[in-house]
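Going by the order they are written in, the chains are A, B and C; count residues from 1 in each one.
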Amino acid sequence: MSMKNNWQHRWRKVKSSMVSGLCLTCAAVVIAPLALLLFSLVKKGASSLDLNFFTQLPKAAGEIGGGMANAMVGSLVLLGLAAAVGVPIGVLGGIYLSEFGGRRLSWAVRFAADILNGTPSIVWGIVIWALVVVPITGFSAYAGGLALGFMMIPIVIRTTEEMLAMVPNGYREAAYALGIPRWRIVLHVVLKTASRGVITGILLAGARVIGETAPLLFTALGNNFWSRNLSEPINAMTLQIFNYANSPFPDQNRQAWAGALVLILFALALNVGVRIMTRGSAPHLVK
Amino acid sequence: MTPQPQLPALKITPSAQSEPPPPAPAQAAGKPATFEVRHLNVWFGAHHVLRDISLQIPSKAVTAIIGPSGCGKSTFLRSLNRMHDLVAGSRVEGRITLFGQDLYGKEVDATLVRRRVGMVFQKSNPFPTMTIEENATVGLRLNGVRQRSLLQERMERSLRMAALWDEVKDRLHANAMSLSGGQQQRLCIARALAIEPEVLLMDEPASALDPLATAKIEELILQLKEQFTIVIVTHNMQQAARISDQTAFFYIGELIEFDATGRLFTNPSKKQTEDYVTGRFG
Amino acid sequence: MQRYFDEDLAHFKETLLMMGSYAESALNQALQAIVDRNDKLAEQVQDNDDIMDQYEIDIDDMAINLLSKAPLATDLRLITVAMKISQNLERIGDEATTIARRAMELNAEPQLKNYIDIPRMAAIALTMLKESLDAFVNRKAELARTVIPRDKEVDALNRQVYRELSSFMVEDPSTITRCLHLMTVSKCLERVADHATNIAQEVVYLCEARDIRHEANKP
C-alpha cells in the first residue's frame, strides 16, 4: 500500500471536509436560536435595566416607570418555599430508592415520579388551587410554593437517586467493614460523597421551577405591592412578565422585555454555576 | 529443629454428635484458635459457592487462602465478618466461632462483629471527601467517639502501625486521594486498625499495587501479625509463601488442603495442590 | 498442561543424566585401566575430567535460572536436589581421575597380585551409582533406599584391602609404592560409594520430602 498522496487520498480529504462542514452547519443551527434569543432580549430589554427597575414596585396601569422589585423578591421567596417542600421529600425519596429500595416499592416510586415529571404545569396549578387555595389559604405564597415544590420533587428524586447510585459500592463496603451502622453510612459516607451531584440536581430543579408561570396563575396570583406575609398573594417574575407582555401599554411591554432578560440571565447564571460545580464529574446531568 | 508438639486428645462431649476438631496444622496446635469454622456452606441464590468448609484459624499468625479464580476464597473471607448479610439472596449455614463465640448466633449484631473483625479490600477505597486524618479516624467518629485526645492518639497509633505516619504526618489535612496507590492502601489499613479489631481480613490487598508498594505491604503484614490475627486472600503463591504461617488451598468451593505454609509449598499432600502450586493448572 | 518451564526442566534433567552417564563411564574406564593395565584408557579418563567440571558449572547455572522463576513443591525439590547430585557426580569424576592416575603409576611396575577385592568394591560402587541415578530418573524412593545400606559393604571391603596391603608392605618393603597406590584406589572407591549414597539420600528427599541424611548419627 503506497503512502504517497494520490487521488484516492485527496478525494477522502474532500469528503472529510464536506462532512465537517455539514456538522458545523448543524451546530450553528442549534446555537442560532439561543443567540437570537439573547440578542433580542438584550436589544429590547437592556435599555430598561436601571436602578428603578430593580427597586421600585410596578406602577398603576398607564403610568410610566416603576420596576419589578417585588416580582424578583417574590420569585426568590417562592423558590425558597418550593425548596422547603421539594428538597427534603426529593432527597429522602432519592435516598430511599438508591439505598433502601425494596423491589416493588422502588418500582412504584420511580413510576410515580416519572408520571409526575410529565404532568403539565398548569395541571399542578389547578390541583393546588382546588386543594389548597379554595379551602385553606386562598391565593397565597404558600400555595404557589407548594405547587412549585411538587414540581421539583420528581426531578430531585431522580437526580438524587442517580448521583447516589454513582457512588462506587467499594465505599459502602469499606464503611460496613468498619462496623458503622447503616444510617450513618448513608448519611456520612454515601450522601457526603455524592453531595456535589445532589446539590447540582437541586439547583437544576430550582432553575426549572423558577421559570414556571402556569402553576402560579391560580395559586400565587400576583401582587402589585409588597406581600406582608406568606398567606397573601405574592408577585413573581413570570407572572409580571405575563401580565406586562399582554398589556396594551408600551411602557409595560418594555418592562416585560427587561424582566425576561433578567429571568434568562438568572437561569443562565444558575446553569453556569452548575457547570462550574460539576467540573469533571456528572457531565451527563447538565443537559 | 524443635520437636513436634502433641495434638490435643479428642474430647467426647456428652451432647449431640461428638465430632473431631476441625483440621488444624500440627505446628499451630497449642496456639489458641481465633476462628473455628465447622461445616460452612454458602449459597448465592441457588449457586452453592462454598461446600462443607471446616478449619481453624490460629491467633496472631498469618493464614493465607489460595486457589484459582472462582474457587470461593473471597466468599470464605467475607463470611468471617458477615459481609454476606449485605448481599440479597445469600445463605450461610454452618458454624463460625470467634474466640468461642458464635458469629451467626441469633442475638449477635453483625455491626459489632465487624468492629472486631476488620477488612481491607483489593482496591484501596479511602473516602474521597475526607482528609487523611478524617479517614484514619472515621471508624471511631462514626461509631460515636468524640473525644479529641482519643481520636488523635488512635490516629497516630494506627498510622504508625500502617507504616504511613512518617510520610503523612506533615499533611494530615490533605485530601486522602492525594496519596499514591500504595499509600492509600496503607491508609485503608490504618483506618481498619484504628478501631482496634482483633482480626484483620485482607482480600488481595496488594494485587493492584506495583512491586515496591507490594513489598511494603508485605513487610507491614509481617509486623502486624505480632498483634493481630490476619487472614489474607491472595492469588500470588510466592506472596503466600513469603508472608503466611499456614495456607489453605480452595478449589471449586471446597477446602482441598490446609497446612503449614512451608510444608504446603515444598511438599503438598494432595495432587491437586501440587498441580496448582507448580502452575500446572489454574 | 505443558509449559515452557517444563521444557527447561526436562532439559535440565537431561543434562544431569548425561553427567551421570559420564561419571559412570569414567569410573568404568578407570577400573578397566587398573585391571587391564591399560595406559591409554587411563589417559582418556584424565582428559575427560574437564567435561565433568564443565557439566557441574552448567547445571548450577541452569538451576539458578530455574530457581529465579520461583518454582514450588516438586519442581523446587527437583532443582535443589539436582544441584547436590551434580556436586556428588563431579566428585565421583575426580575420584575416577585419581584412580586413572594411580593406574598409570601401577602400570609402570609389575602387577602386585591378582586383584579381587578392588574389582568387587568397584562393582558394588558402580551398581550403587547406577541404581541411585535410575531411582532419580524414575522417582523410585524404594530403589534409592536399597542403595544406602550397601555403603557398609564397601567400607568393609576397604578395611579388608587395607589390612591385606598393610601385611604385604610389612613383609616386603619393595612393594610399598604399589601397595600405597592400591590403597589410594581403594579409598577412592570407598568415597565413590559414599557419594552414591548421598545421591540416593537426595533422591529420597525428592520423592518423599523427607531428609534422611545423618540418620545413622541419631540415637
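Basically, a contact is a pair of C-beta atoms (placed from the backbone, for glycine too) under 8 Å apart; a residue touches a chain by one contact, two chains touch by 3 or more.
The structure presented is a predicted model; accordingly, all values stated were derived computationally and were not measured.
Student: Imagine chain A is absent, with all remaining chains left in place, and give the connected groups that result.
Tutor: one piece
Student: Averaging the CA atoms per chain, pick out the one whose centre lands closest to the mean of every protein CA shown.
Tutor: Nearest to the common C-alpha centre lies chain B.
Student: Among all other chains, pick the one whose mean CA position is farthest from the mean CA position of chain A.
Tutor: The chain lying farthest from chain A is C.
Student: Could you put a whole-Å number on the gap between the CA centroids of chain A and chain C?
Tutor: The answer is 93 Å.
Student: Taking the mean of the C-alpha atoms as each chain's centre, how many Å separate chain A from chain B?
Tutor: Whole-Å distance between the two chain centres: 49.
Student: What's the distance between the Cα centroids of chain B and chain C, rounded to whole Å?
Tutor: 51
Student: Quick check: in the complex, which residue numbers of chain B touch chain A?
Tutor: On the chain B side, the touching residues are 81, 83, 86, 111-116, 118-119, 121, 123, 125, 127-129, 138-139, 142-143, 188, 191-192, 195.
Student: Help me check something: in the complex, which residues belonging to chain C touch chain B?
Tutor: Of all residues in chain C, those touching chain B are 1, 3, 5, 70-77, 209.
Student: Going by the contact rule at the top, pick out the chain A residues touching chain B in the complex.
Tutor: Residues in contact with chain B: 168, 170-171, 173-181, 184-185, 188-189, 192-193, 195.
Student: Please output the residues of chain B touching chain C within their complex, sorted ascending.
Tutor: Going through chain B, the ones touching chain C are 237-238, 241, 265-268, 273-274, 277-281.
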